[in-house]
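Presented below are the structures under discussion, each in the form of structure tokens.
Both complexes below contain subunit A, partnered by subunit B and then by subunit C.
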Partner chain A sequence: MNPSPAAEVATAADELTSSSRTWRAFRRNPLGMGSAVLLLALILVALAAPLIAEYPRGYGHEILSPPSAAHWFGTDDVGQDVFAQVVWGTRISMTIGLAAALLAIVIGLLVGVLAAYFRALDTLLGIVIDLFLSLPVLPLMILIAALAGPSVTTLVVVIAIFSWPEVARLVRSAAMAIVPLPYVSAAKVIGGSPWWIMRRHVLPGVAPVVAISVVLTTSRAVLSEAGLSFLGLGDPNTWSWGTILHRAQQSGSLATAWWSTLFPSLAILLLVVATTLVSVAYNDARNPRTR
Partner chain B sequence: MIAGLRFIGLRVLRGLLTIWFAVTVTFFLLRLLPGDPVLAVADPTMTEALRQKLLADFGLDQPLSVQYVGYLGQLLQGNMGVSFRQSLPVTEVLMQRLPWTLILTGAAILVTVVLGVPLGVYAATRAKGFADRAIQIGGITAQSLFVPSVGILLLYVFGVVFGWFPIGGAVDPDATGFAATLSMLHHLVLPCLSLVFIQLGSYVLAMRSSLIEVLGEDYVALAKAKGVSPRAVVWKHALRNALLPTTTLVGLQLGTLVGGAVLTETIYAYPGIGRAVYESVGQLDFPVLQGAFVLLAVAVVVANLITDIVYGLLDPRVRTS
Partner chain C sequence: MRRSLSAALAAGALAALTLSACVPSTPEAGGGGDAERLTIATTTDVVNFNPLVGNSRTDSWVTNLMYPHLTQIDAEGQRIPYLATEWGYNEDGTEATVTIRDDMTWTDGEPVTADDVVFTINAVAEEQFGVVAGLITALESAEAVSDTEVRFNLSRPDGTFLDSVGFWMPIVPEHVFSQAESVQEFANDSDWVSAGPYVLTEADRGQRYVMERVENFPLAPEGTPAVDEVVFQIYPDVNTEVLALRNGEVDVIGNVLPPSTAVSLQDAEGIELAQVPSLGWAHLQYNMEREPLDDVRVRRALAHSVDYEAIREVALQGFAESTGGSTLTPTLTEWYDDSIQEYPYDPAEARRLLEEAGVTDLSLDMIYDQADANISRWAPLVRDSAAEAGITINLQGLERNTYISHADERDFDIYAGSWAVMDNPPANFALAFGTDGFINYANVSDPELDALIQEANEALTVEEALEPTQEAARIIHDQVYDNVLYVETFNIAYSSDWTGFQPVPSELLGIVHPLSLSQVRPAG
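Up next is the complex of A and B:
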């Protein structure tokens, strides 16, 4: 089932060297490397949350006390440790972000590749993508999350439903450039099934776009989750960064205790800036002109 | 002329399609998702007979297709149902709120453009320099900001610590005449700045890259060769063309802006649509949530249409392609 063995081998070898070249260029970018390390650290915190801090629950003795040696990030209006909330929040925020992003990428990849491969579908799928992208997404997510009832699953699904069109748009334009290439035509001529051609010849070509999408969609999903939780649509049984801000907003402690909002805010900022910088650095490393 | 009309006609058609899509999606969501509208109005312990009567009153015992057509008809007449909690028509509830959201978002767009264009020009004319790098990093960071974080920070610093600005509401209810206008502007500063912060990055970066591109074109080189001063080359010759993509950005950013407004209004208890959304989430007032989304979707589509048409008027190439 190989259209032209020589060409195939050449692209495979090229792929190998180009990805190792990308990695070498990426390692030389201090901003990108720093951000990647930061992201890894956040993932570690999320995984090791039970080892780092006790799950925040119940009422504490010290109410609204500023940061101290006992409570690094201070305490909130019911005396819970803000540091513990942020640590456990990392876990939920990142889990929801990653799960929603993965779901969105699977849908977006499928739609994007299908639209690029089958021209007949393209107009219809293009219109659907356009429609999704031109609606105010947050109010719609709020409506659905409120109707479905707040839970981790609701958040993941709702965020994914509104994140895939962005992925699909990127994948579609990348795949559009690949489908007309001679090797895809060759694969068609020798009688390859559309599914095989898409998997074997189109998917590898859009992989770099997908890599970027995983990172960017995750950070956008984390922001969406924080927004929904901030409005009171978070899972009431868990802590996320948005939930901490929601509590501070409801109790009014955001006007008196800066520490109750600053630290979750910083966590969100660090995550999103780090993901953006990693993707910028990856793009630069991949592009021979900016390498 | 014909091409122009065709262009506007196509855009209007696309806008109508988007609104139809938004309206249809919300209709089916409300019917298919578990939040039973009847349970939401009344006590869950009500008798089956009462439940049936309520279902009939709301027309919920009809087939889905009949309900759908009826719903579209009602919407066309501006009827979006009755708020569960306030016993007022949703349209009335939202129309009281709409002006505040329009003021807030309008002011945010205006300030963002006024600040963003010069900053972008400044960065582009010093491309690769220190100021340019700083503006680029600042722009990327600004794009990553979480709206409530910015809002809360501004509220705490300028509202609580310094006490320069009010921390909630939209206007002092006792003020009249000119004092009322001043009070309104005073209340607008912090929420508006929060929205400017999250938007500014995109505008500056877009302005920067489009101006750098235009500065590389032949007619700019010609202007320089003719001896036009560098300042005039940038501001008179290049800027006009570089501004065009920024016009589309206004349209592209509207969805984000509306989302940002919902969050910002929540923090500052600003009485716009966004605050109504927040209050309705707590009370599970689905008709208001639905109405707010439909209204915001229409607003975004109309605003997008306007920016598209303006863009078409400014740039003849868009009309014909």
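Up next is the complex of A and C:
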């Protein structure tokens, strides 16, 4: 830990804003960049699904045929193209993942910042967060999804309900470090309303934590969605990666038609690994010590 | 004197059971086709050991091997003797009589007598529980005329009575079940007494159920089943069951195979498939309490918007037979009416009918059990073919209990499902299409149909009942009170190390029923 090179970098980058410094460090990390490109590609597939493959509907005459030039990922037990299912599944899986993550972030951010700012609320909100974190998540998700009936909205809400506490706890601990800082006290002294202070001073402070949370919560939400859909609690009117797995499992062709499960599983794996690597790389790039 | 003797015998049997429970069980051998053990894979536990209450598949399989029915069915679905040797009605149909065998005994030494039959039916009638209660509404009283003769006095002529009771009601031992205050609440979870080919000796929840051979079972070819032990082994799902069969860990997969699995096993070495038709049918029912489904033109439009061939050939992989859209299926050959023709898949005709009815932008919710592999596979096909006719169908694949409660409350536009066992058309029609029928999901209320169903129920022979029943089926088809899609052909897999199974219709019986398991033996 020789201080002189660090000081050199600091002086050289003085004119640069902190975000462009982060970006520069991020660009130098091949794993992070590769993952980011992969994520962008997945998003592109989700957006351009209609251009890539026809919506999987009806039935085909080649049943359970292995991957070939005509069907890159093979066909399922009613002769539908698995490639088309995976492409269209990307759209729903990522939509549910993002929507659930955003909802969870909004709730988590609100609860986390409130808990950190108003000490009186902290104990109560802390208990609520701990309570939610200690719930058996999967059985409850299954129960609620089963009772509410399968739909995309149900999935988003159910996943968000059980994902916000982790965000809240992260935000709370980050905000706790900001609230006692002199500039926040100064803002209080000059008569800023709590709402204004939270918006103006606390939120920007916790933004990096939130940025990472968005990515990680999305990937967890995609996993949860796949899990619920695999258990048959997905929306039968849409295609998601979990739905494809569910149908493969139900058809009893798991042992013989490996392609019906391999490709959707790979898609899930790629998304989860990519999001994890991106957030790790971002965290490293943002932190001056690991830059 | 007799009482104390039976008590002594029971105590003796108890001691024997306790002793045998102490003997270390033989290591997992399974497979191999030795006469020692036949292992059957299943996916569910026995929920209820009381045969009058139980209703899961494994419940029926296990208890059917212990508690005899009056009759059983053959490959054509016709009644053949089991405990009963003869049965019939008097002239005006108010008395039904049954003669039972005199050579069957319970495993504790007590003979199976007419008293057991009377005790069983009285218990069901008094406590009103289980499937049977709904089938014996005509029963006034039952009496044992002699040790081998039972007379049922009926409050009205009911030609379905003996068929239904014979098929559905297991006979339980009076001397065991009468000890409980309520027969319905009798758990029957230990010290089992059997009059079937096997008796349960060991039950490990989530693991296995071991049944030992009963030495004296008169219906077995040589008076004794050939296999020493039948074991029901629990597996998580059909995929693992298939692996277990391939590996020789099990000899039979009790559950029917999903069609695509059946295809993949068709040419597998060492594995045989028994094919049995369903006794029920898969269907769509349209809720006639809801507009515009009360209009027969709309229901016909919906019937024209289903691609039946695709459902049978693709979703069911050809393991399905058309009934011609009739609720009288080819499985029950004596009732079948081949003059009824399926509504052809014709989106243009469907559009025309909708236009005629003045219905535009028809959008309907269709409920089904998402855990039902076949229906989950064809539900999207129904949706996609209806879309061709401009009809929007929203799939609601529900968790099983939610689905059942929706069906019971008639809370749906379209109900997609299947009846497992419809063994007696007149009786089934009364339940499924009679006004206020218990499973009248479509809310049918048609006086003409009600009259025909009543006539069929009062007829004492199939010949007499045939005409009104077939006329009823024609009305049901014509008015689309039920849209029958197919009768499934079930595939049941077993190891080719075994031979002698007796396949009979329905997944409830298949090849795992007393007659079949008392005749099975190692091949070669």
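Quick note on the criterion: the second predicted complex is superposed on the first by the 275 of 291 C-alpha atoms of A that agree within 3 Å, B and C clash if a C-alpha of one lies under 4 Å from a C-alpha of the other, contacts with A are read in each partner's own complex, and residues count from 1 in each chain.
Keep in mind that, in the parts below, contacts are C-beta pairs under 8 Å (C-beta built on N, C-alpha and C of every residue); 3 or more make two chains touch, one makes a residue touch a chain.
Given the structure is predicted, the values throughout are model-derived calculations rather than measurements.
Chemist: Go through the superposed model and pick first if A:L110 touches only subunit B, second if only subunit C, both, or neither.
Modeler: The answer is neither, since A:L110 touches no partner chain.
Chemist: Which partner does A:A211 contact after superposing on A: first (subunit B), second (subunit C), both, neither?
Modeler: Once the two structures are laid over each other on A, A:A211 reaches no partner at all.
Chemist: Where does A:G149 make contact in the superposed view: on subunit B (first), on subunit C (second), on both, or on neither?
Modeler: both
Chemist: In the three-chain superposition, say which chain, subunit B or subunit C, touches more residues of subunit A.
Modeler: B
Chemist: Contact-wise, after the overlay, does A:G58 reach subunit B, subunit C, both or neither (first, second, both, neither)?
Modeler: second
Chemist: Looking at A:L140 after the superposition, I want to know if it touches subunit B, subunit C, both of them or none. Which is it: first, second, both, neither?
Modeler: first
Chemist: Name the contact category of A:D77: first (subunit B only), second (subunit C only), both, or neither.
Modeler: So A:D77 only meets subunit C here.
Chemist: So, does A:W258 touch the first partner subunit B, the second partner subunit C, both, or neither?
Modeler: In the superposition, A:W258 contacts subunit B only.
Chemist: Can A:P236 be said to touch subunit B (first), subunit C (second), both, or neither?
Modeler: After superposition on chain A, A:P236 lies in contact with subunit C alone.
Chemist: Does the superposition put A:S219 against subunit B (first), subunit C (second), both, or neither?
Modeler: first
Chemist: Could you list which residues of subunit A make contact with subunit B in one structure and with subunit C in the other?
Modeler: 146-147, 149, 232-233, 249, 254-256
Chemist: Where on subunit A does subunit C make contact in their complex?
Modeler: 57-59, 61, 63-64, 77-79, 146-147, 149-150, 232-233, 236-237, 247, 249-256
Chemist: Taking the touch rule as given, give the residues of subunit B at its contact with subunit A in the complex, in rising order.
Modeler: Going by the criterion above, the answer is residues 14, 17-18, 21-22, 25-26, 29-30, 33-35, 140-141, 143-149, 152-153, 155-156, 159-160, 167, 254-255, 258-259, 262-263, 266-267, 277-278, 280-282, 284, 286, 289-290, 292-293, 296-297, 300-301, 304.
Chemist: Per the contact definition, I'd like the list of subunit C residues that touch subunit A in the complex.
Modeler: Spelled out, the residues of subunit C in touch with subunit A are 237-239, 242-243, 257-261, 263-264, 310, 314-315, 317, 370-371, 373, 376-377, 379-381, 383-385, 394-399, 402.
Chemist: Looking at the complex, which residues from subunit A come into contact with subunit B?
Modeler: By the definition above, subunit A touches subunit B via 127, 130-131, 133-140, 142-144, 146-149, 219, 223, 226-227, 230-233, 242, 245, 248-249, 254-256, 258, 261-262, 265, 268-269, 272-273, 276-277, 280.
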